[in-house]
Amino acid sequence: RPDWANAAEGPIKVGIATDLTGPIAYAGNADANVAKMVIKQINAAGGLLGRPLELYIEDTASNESVAVGNVRKLIQRDKVDMVLGGITSSMRNAIKDPIVARGKTLYIYPQLYEGKECTPNLFCTGPTPAQQCDEFIPWLIKNGGKKFALPSANYVWPHTLNVYARKVIESSGGEVVFEEYYPLDQVDFSATVNRIISNKVDVVFNTVIPPGVGPFFKQLYEAGFLKNGGRLACVYYDENTLNINQANEIEGLASCLDYFKALTKDDPVSAKIQAAYEKDFPGNFLFAAGSAATGTYRGLKLWEAAVKEAGKIDRDSVAAALDHAKIAEGPGGPAEMVPGKRHCKMKMYTAVAKGGNYEIVGRSDGLVDPKEC
Amino acid sequence: MASTFVAAFEILSFGAIIVLVVLGLGIIASMMGIFNFAQGEFVLLGAYVTYLAYSSGIPIWVGMAVAPFIVGGLGFVLEALIIRRFYAAPIVAMLGTYALGLIVRESVRGLIGGFYLTVPEPIGGSIDIGTMHISAWRFTIIVITLLVMAGCYLLLSRTSFGLRVRATLENPALARASGISTPLIYGATFAFGAALAGLAGALIVPVFSLFADLGIRFLIQGFVAVMVGGVGSFIGPVAGAGVIGTLSAALPWVMAPVVADVLVFVLAIVFIKFRPQGLIAGKGV
Amino acid sequence: MPEQTFLDIRHLEAGYGRSQVLFDVNIGVPWRGGVAVLGRNGAGKTTLMKTIVGELASSKGELFFDGRDITRRRTEERVRSGIGYVPQEHSVFARLSVRDNLAVGSLFNPDPAAVDRVLTIFPKLGQRLDQPAGTLSGGERKMLAIGRAMLGNPKLLLLDEPTEGVWVGVIEEITERLIELARQIAVVIVEQHLDLALRVADHAYVLDRGRVALQGPAGEVRSDPELLRYLAP
Amino acid sequence: MGTVKQALRMKLSEEPEVSMAESRPDGASPARRAAGLKVLPVVEGLVLIAALILPLFLQDYLTVFATRVIILALFALSFDLVWGYAGIMSFGQALFFGSAGYGVALMARDLGITSIFLVLPAGTLIGLTTSLLLGGFLLLGRHPSSVIFVALGTLTGSYAADRLARGWYYLGGQNGIPSIPPMSFGSYDITEGPVYYYFALGILAVVYLLCRFLVRSQFGLALAGLRENEQRIAFFGYKAQHLKAIVFAVGGTIAGLAGSLYAFHEGFVWPNMVGVVISTQVVLYVLFGGSGTLIGAVIGAVIIEGVSFWLSDNYREIWPILLGVLLLLVILFRPLGLISFVLGERERVGSFGMARKEKRNAAP
Amino acid sequence: MPLLEATGIVKVFGKLTALDGAALTIGENEFHGLIGPNGSGKSTLMKCVAGAEMPTQGKVSFVNRDITLLSPTERARAGMSLKFQITSVLPTLTLYDNILLALQAQSSLFDLVFSRTRGVLHDQVMMMLSQFRLADRAHDAAAALSHGQQQWLEIAMALAGKPRLLLLDEPTGGMSLEERRVTGELLQPIKQHCSLVIVEHDLDFIRDICDRLTVLDQGRVLASGTVAEIQANKSVQEIYLRRA
């Protein structure tokens, strides 16, 4: 510990609760890594309010009951000043009450999600449906075609996202051929693929998630969907998920996120962050937007800005400042909270998979509004 | 017409996959009386071995060929060290294999970092018949499944191995008193069941990609298939798997997939309730 | 001396868990001929048989079979070296068909005609070949158990109450077979039918609470006034 | 070599050929038997005392954690009754636990009812009804149902319920029902903490005593017979299937009670709560602790939860593996559960003539 | 009116007709022997009477009531009790509990839960056990009994429920001559309140205790009558001489 660790008030405590084990551990571990990196940087720059930051990481294990116990540990034992974490919506739902209501602590949720989370003291720093659809869908219609299919995993995110997507599709002159939901672990999609092929769908706007998505894309490919000029679209697909399939099976897949690694070529800030991450964590857990890594980065940085502005660490002051916090530099560009909305404006990018890598094909002009709350 | 053909093929191919996965499970359940909760992890290991071979540059089909042997060998060792102690208490056995499965699954998860990893098929692409495309690899799986089924059937019906196995399960003390070396038989059967799972894993990994929950995904389906088919014979579970597999692939063609998913299980349980001995009342092979 | 004793049981002690059942049992079985083991319920007869065949480990003493020490051999090795065993209970593979039960018996017998021979001894079994052995009647079961054990071509046959539940006519048949068999191999028989036992056996041992209480040539034991006392409950 | 194997088989076996006798048939010393018999009450007493004083030593969040464990122990008890005593393998016990949880969560969300006098009875009733329905289907009927069938049937029930909860929007789908308000007692809110802890402990103690009374009564003997050989006792004139259904329903009722306590304590319900994961977990608790002894269920829940908590804190990356190894070791070397470290076979299986006989001997 | 009347019982197992119109009539307080070669259908007939098997055809009535379709439980409650040919005691329970279990079978649920009959039954349990010379083993698991001892226990359990009709399938299997005699003595006193059907191969034993005999052969009744009548019967003598 540096000597200022002994300052009168002691360190400021940051809690991270994320999926270190379980089916989406790759994302959780990446997020934890990002947190370590950011906290290290802040401490290296002298900490916050003259106090060092101390990081407390707990596992949510993709198991809500484990998660709630561990979150309580953060709040009641470690008495953290803020909790960031949760990846799935159900996890957020499970832990938000112990954090915000029963625990009276600030909560930042970093993942792209379906929107509609308007709990006080809960801030979302990932993209919302509006951010992911408003520019992306017109692009798809232009670069794919008018007939959309919405095959989806049966849970809240796809349901809610699809409602929004459908609106945008229809208002942009497209047409939804079918919208269908599957059990989360369904791995055989022959019936779906058949419907897609026989209805001559142009764009598959996919919200099927792993483990189903791999076989689904493969079956689509084998049925000749891509060969006949179809386009795959999937708004959570990032670098971490790209190798679920062989490159040729998802050639041309389009995604819309707040960051792609391809940006490092022309954005020095992104390049710096990416390089710092890769230096510290050269392993398999990639710094990728769909895994909430960028949301985590942004969340911590915005919170840092808010604490600096508030000059205090109590929840209400920080929340008040976080309400309109801004950062000028982040992965993919600047970001700012929309006052009163507890959601975040950010730049959005459209990218297409080519030979196993993404190529940026479109960028938003300026920051995109989350349109929530 | 064309789409009917494609539908039939797709349904059949998923049925074949389920059969392949359930084969080992069924043999262990029928022959040894153990519902092996680690079976899914044997499937996973088969897939993992294949992936390792692929990622270290060895031809994939080599990986697929050695996977059953490696998994079978592991099964043999595990049987001798662990499973052997459980025969008298099948419920404790369920738990023991559950723990075993947990260890294997989480270890593999650690090794692959929780990712979904792709493995290409040795025979890729699709077979085109006119305007229809059917997956070459799925077709290969159907063929291999048929061959493996026939092989197992012959092994169990034409050699005394099957007889020894069944005698041992039925009454181990008497089997020993008839000169059968029961430990060896148990070990061999378990290893055989594990090897079949390993093979299944190796063959299906190109279809489903590699992830830690690959095997457990099929476990409950497998158990239900074994029950529907009837415990106690080789044919029973295979038939059960065929039915469950094709049913769960076919129902989504005609109804909402979410409903179909639950319906398969409910139908199965109601069926078993009124025909407890299963499709094929167990005797013989 | 080894000429005489084919199976030599020396100072044998055995039991279940902490409860000891057999105490210092010494029995010699000759190359040919029958030995009867008698005793009331719970005397330890079955325990003795189980220990000989190795289903139960002995806690003390030695077993010599065919001149070799088999005390530490596993059951299946003992069986393959020539011991046949008809248990008192659970003596057939209940879910296997009669045919398969016989097939298990002849696993180590290369002679394909052996099964037919058994079927001529017990024609009843021939009519039940495809029936699961567990559904056989009590008597049929015993026949199957005896048939199965004989198929292994044993040099020493252990029979634990082979005629329990068997019809009088068949008992007679079995007795004759056993007498004939005892001319060729060694037979150890536990039997409640005194007459039968002593017709088959030249020598008899009477167990009482796990100890050999009485022993001697069949005729002598038969006429021993103590015998009835040891057999009464 | 044979002896070791023999001994092992003996411990594991439920087969009739194998002996459970501990002493010489004729030389049994009553003193030792009597001494051996006192272990269980001692263990029970120790556990109770530990539970009573625990909150004095625990930090707040650990008290909250302990409360959760107590509720899970109550849930484990319900499964133990069904499996350990009646031999019904209910692999879907979470169905009753979770339905009750969802039920009370809906009451709180949609009707605003949180009064303890309404929600607990309601949850209990939901547990009773669902278990009666499922038990009726699985256990009654012309063919006596096999253990494996019941296991799969209940598993399927729970699996289907899980699927249903995930798919049904009214129930919150995958996300479940979050932010359930606290249970109220008049105008007082029972929030998590020492109060909830002692409240749950009180319920556990009462239910435990009721179960104890039940399994030690002559009814308990009937259950033991049921577990051993259902068909056989039917020939004595027992209505075996009815007995099974009754026990199953009692188990479901307790699970329902536990589920409603759990929902209010955690403040949310989610599909896993009716599903296979929790169903398996409760089986683990009971087998780990020692099925067929009530205290074993409690101990199993406490140890598994406690150890997972500790492991996940200290070996973050590999704790599931360690948990698996631990489970495996216990199952391998103590197939009858932890409780068998201190409990003899006879006492574990239980016997019903003993107490009275001793009384008689003591007072001639 | 006889206590039990089974008429025209047919039982078919697949291709085999195990019982082909067998009949059995038992009067009050009658000891009835059932004999016949192996596989002649004795056990099957007992099972049809007790409800362990459902007859393919035929009618069973007991105490003036048609019980053909009743479940074993209901038959037991009507006063029937069966000892199977293959012993099936409850292995991990103690002998005491085995007997108690049989004794309390007909108590109401309420009595069971509140253990209202425990005290009364204790003496009966101990009495049964000492009658069958098992008292000193009362607290051993039933699995620890030898085969013969298990037979004793089974008989005790069958007797425990105070049945009106007792069905014993080869109760003396594995017993020595002396032991059989004792069994016979133990059975004699129940004659006051109970009828007995007993399957046996030991003719001497049967002759000693039975009033009437029924001889089965290949699923049919070959002869039925008093012991003396049967002994004189030509066709019965024939099957005794016939090989299996």
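We call the chains A, B, C, D and E, going by the order they appear; numbering starts again at 1 in every chain.
In this text, a contact is a pair of C-beta atoms (placed from the backbone, for glycine too) under 8 Å apart; a residue touches a chain by one contact, two chains touch by 3 or more.
Note that the structure is a prediction, hence the values are computed from the model and not measured.
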item: Joint neighbours of subunit E and subunit B, given as chain labels; value: C, D
item: Most remote chain, CA-based centroid, reference being subunit B; value: E
item: Chain of greatest Cα-centre distance to subunit C; value: A
item: Chain centre separation in whole Å, for subunit D relative to subunit A (CA means); value: 40
item: Gap in Å, rounded to a whole number, between the CA centres of subunit E and subunit C; value: 29
item: Gap in Å, rounded to a whole number, between the CA centres of subunit C and subunit A; value: 76
item: Chain centre separation (subunit C, subunit D; CA means) in Å; value: 47
item: Touching two or more other chains - residues of subunit D; value: 14-15, 17-19, 21, 25-26, 163, 167, 317, 320
item: Residue numbers of subunit E (touch at least two other chains); value: 144
item: Where subunit A touches two or more other chains at once, by residue number; value: 21, 154, 181, 183
item: Subunit E partner contacts - residues on subunit C that touch it in the complex; value: 16, 19, 38, 40-43, 46, 88-89, 122-124, 131, 135-140, 143, 161, 164-170, 173, 192, 194, 228, 231-233
item: List of subunit D residues in touch with subunit A within their complex; value: 59-62, 64-65, 68, 163, 166-167, 169, 172-176, 178-179, 191-192, 266-268, 270, 272-273, 277-278, 308-309, 312-313, 316-317, 319-320
item: Complex contacts: residues of subunit E adjacent to subunit D; value: 50-52, 71-73, 76-77, 81-82, 88-94, 96-97, 100-102, 104-107, 109, 111-115, 117-119, 122, 125, 136-141, 143-144, 157, 161
item: Residue ranges of subunit E in contact with subunit C within the complex; value: 13-14, 16, 36-39, 42-44, 85-87, 133, 144-149, 151-152, 170, 173-179, 182, 201, 203, 239-244
item: Subunit D to subunit E touching residues, read off their complex; value: 14-21, 25-26, 28, 33, 214, 217-219, 221-222, 224-225, 228-229, 231-240, 246, 346, 349, 351-354, 356-357
